[in-house]
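A quick write-up on the structure given underneath.
As written, the chains take the letters A, B, C, D, E and F, and residue 1 is the first residue of each chain.
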Amino acid sequence: MTDKTQAERREAGKDVLRSLRGGDIDADATAEAMEANLGPLGSYVIDFGLGDVWTRPGLPRRERSLIVITMLTTLNQLNQLRSHVGGGLNHGLTRIEIEEVFVQLAGYAGFPRAIDGMNTAREAFLEAEGVEELLPSPPAARKSDD
Amino acid sequence: MTDKTQAERREAGKDVLRSLRGGDIDADATAEAMEANLGPLGSYVIDFGLGDVWTRPGLPRRERSLIVITMLTTLNQLNQLRSHVGGGLNHGLTRIEIEEVFVQLAGYAGFPRAIDGMNTAREAFLEAEGVEELLPSPPAARKSDD
Amino acid sequence: MTDKTQAERREAGKDVLRSLRGGDIDADATAEAMEANLGPLGSYVIDFGLGDVWTRPGLPRRERSLIVITMLTTLNQLNQLRSHVGGGLNHGLTRIEIEEVFVQLAGYAGFPRAIDGMNTAREAFLEAEGVEELLPSPPAARKSDD
Amino acid sequence: MTDKTQAERREAGKDVLRSLRGGDIDADATAEAMEANLGPLGSYVIDFGLGDVWTRPGLPRRERSLIVITMLTTLNQLNQLRSHVGGGLNHGLTRIEIEEVFVQLAGYAGFPRAIDGMNTAREAFLEAEGVEELLPSPPAARKSDD
Amino acid sequence: MTDKTQAERREAGKDVLRSLRGGDIDADATAEAMEANLGPLGSYVIDFGLGDVWTRPGLPRRERSLIVITMLTTLNQLNQLRSHVGGGLNHGLTRIEIEEVFVQLAGYAGFPRAIDGMNTAREAFLEAEGVEELLPSPPAARKSDD
Amino acid sequence: MTDKTQAERREAGKDVLRSLRGGDIDADATAEAMEANLGPLGSYVIDFGLGDVWTRPGLPRRERSLIVITMLTTLNQLNQLRSHVGGGLNHGLTRIEIEEVFVQLAGYAGFPRAIDGMNTAREAFLEAEGVEELLPSPPAARKSDD
């Protein structure tokens, strides 16, 4: 197995920035902005968090996004969650799958955390779909009243 | 004891919506909006959270409000806390009693959580009382300076 | 209103130790042991936590116990919870009421926290009742199977 | 869509108990024990948590296990985590995939939570594999020293 | 050792208000405002939190600020953190030292908490330095690309 | 500034292991054991956590230990706290200074977390001092009763 030089770790991190943000982002500019805003924390996010961890084999990026969306909701870190909902869509998760995370989460981390997550994700979906209103998700299965 | 059909659980949930929000709310419209906004999470809030749990015997709604206000403050879930402070007033808690929750909480969950709770409750009291300024609560007992 | 001297705060704290622990505890010895084990933290628990806060008017001790049991379960502080379940029984809460806290908590702080709380409380009930086995609590209402 | 009667929800919950615990468990006995130990909480775990949520379409059980393992580690609920690591293996996750959750988690919820999770999972793997020692997982990629 | 009367504790608390906020603040007015806004919580903050604890020997105020900045970031209490970053600067911490807390925190409490802390501190630095833009902190050490 | 190769980061990490654990530990064996037990997590702890972060200029190791002890107590991670109390003593913190962290913490993260921290630290002090009983710390200042 090879270890990576810092330059290689930086390139790996920028590859994850591209897959998370989709499209044709300027990964160099994004990385520079992160370091300008966050100083050493920015460097470690790109080289360690994205470059070392996100690129590991063992789980595909789609499943890593599922895990990160779960953690950020449990921790009530809504700014970062909003960004990672977009990342999850770019990694192949569907809107239904992402909403299902919050439904699964309610019994384990509580409905307040789950509701905050669902509301945050709805904002991210609006942004991703470029619309002003989302079609509502179907409610839990219900038959017509007796 | 009988178990409830989903229709009965839904009715029970709407009864709790009415007691929490007071007055003459349109509980059907409220329930529909919750499901439109939160999808399956909305259904489970109404049927399980409100319908199954809040209507249980064993503790009256006034004491369930005390417990929920305590949890939401400990978890720093301030949006939901604001709503449940109003619910607590509708369930028979006084302003003094609700403020006393935050005083009791400070030593157990820390003053930062308690202060956030007190500030949030103050906003809810203003809303409930329809005034622009609250009469201040008495400070902790103090005698005049020596 | 008068403020209390440290001696008065200490006496108030010992009064709460007596009501929490019930029976004929030696409150002086208990307070000394807390200070021996916890140093300055022990002093502040007795004088501030118990003496200043628990003795306040506004909420009776039975309801303060409800609030503290809720917080300790939300924070997963099971050692202190076990002790405060006993304190709650001494302050007039019934076993059914205490178990109802955990049922109310499950949807807000999650079932894992609630289950830990229920298991901890069961141990405290056994201790308080001096028995080796508890009568089970009734499950949630269920009708006989179709 | 049909809503389920409590009896149907109970059957769905027992189906999830079987898939989580694998093998030929007596799901009726397990459900009864949960209700005997946890009272109403036990009923809600089986009917709501397992019966309503875990059986939903939208995400397969293998991915629900990924999400639950993530939440329990973030919340430091190690007893339940240990059980759900076994459930994850029964739902088709591999040991490598489960360990990868903790690696992904370290940067988001901190290394202490991640390390507790990894240690707990190791105990569950030993139990599942019926051995006294695990083959170590490969460390992060490293080349021989310069 | 002497215990303090409430008047002495109040004076000690106001001394800490002065050192936290720097300059020539009117500590009496500040204390009155805190009690007007927070009722009994405000009294306990000044007398217990500031008067009893912050003035203790054993650790200087500069190190107490390090500890409090760490706690508020771990708890994601960003309003109070912003205020205590200013307090830390007034107690002799440098901008570099305060930023280093967030770098140290990332691996223990997770990068999301650390990033929120760094962003909050940047706002406080701007306020303290009276400028519209901060000079960026140096990123983690990096050599020029190969 | 130069970036470090993985070998250099590994050496830096082992230097921190030595300063944390004191004495003449075999840092190579310790590092190997961490990787054997924790797989990739172990590698990242040594190379990133210890090698990259702990060795940074900006704050001395004595103050990094103050910060880490604070975080682990706030997060209720008592196993790692016990180890880092020993590390703090090796980095030049005194017993009184470490206990003062828990006193400072009580008002911010709550007395339950603080008490767990104090109890954990007491066990670590016993271990470090090689005695069976600790001299008690002085309680908070108190004058003789009136």
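As a working rule, a residue touches a chain if its C-beta (ideal position, glycine included) is under 8 Å from a C-beta of that chain, and two chains touch if they have at least 3 such contacts.
Quick caveat, the model's predicted, so the values are computed rather than measured.
Counting the residue numbers that touch the partner chain, chain B and chain F have more than half of them in common.
Using CA-based centroids throughout, the chain positioned farthest away from chain A is C.
Across the assembly, the mean Cα position most removed from that of chain D is the one of E. Rounded to a whole number, the gap between the C-alpha centres of chain A and chain D is 22 angstrom.
Centre-to-centre separation between chain A and chain B, using Cα means, comes to 31 Å. Put simply, the C-alpha centre of chain A and that of chain C have 40 angstrom between them. Shown for chain B are the residues that touch two or more other chains, namely 3-6, 40, 44, 48-49, 52-53, 56, 72, 75-76, 99, 103, 106-112, 138, 140, 142-143. In terms of which chains touch, the assembly is arranged so that all chains touch all other chains. By the touch rule above, chain C contacts chain B in their complex via residues 1-4, 48-49, 52-54, 56, 58-59, 63-64, 66-68, 70-72, 74-75, 96-97, 99-101, 103-109, 140-143. Partner chain C is touched in their complex by these residues of chain F: 76, 99, 102-103, 106, 110-116, 118-119, 122, 136-140, 142-143, 145-146.
Looking at the complex, you find that chain D touches chain B at residues 3-6, 40, 44, 48, 52-53, 56. Against chain D, in their complex, chain E makes its touches with residues 106-112. In the complex of the two chains, the chain C residues touching chain F come out as 5-7, 10, 35-45, 47, 49, 72, 75-77, 79-80.
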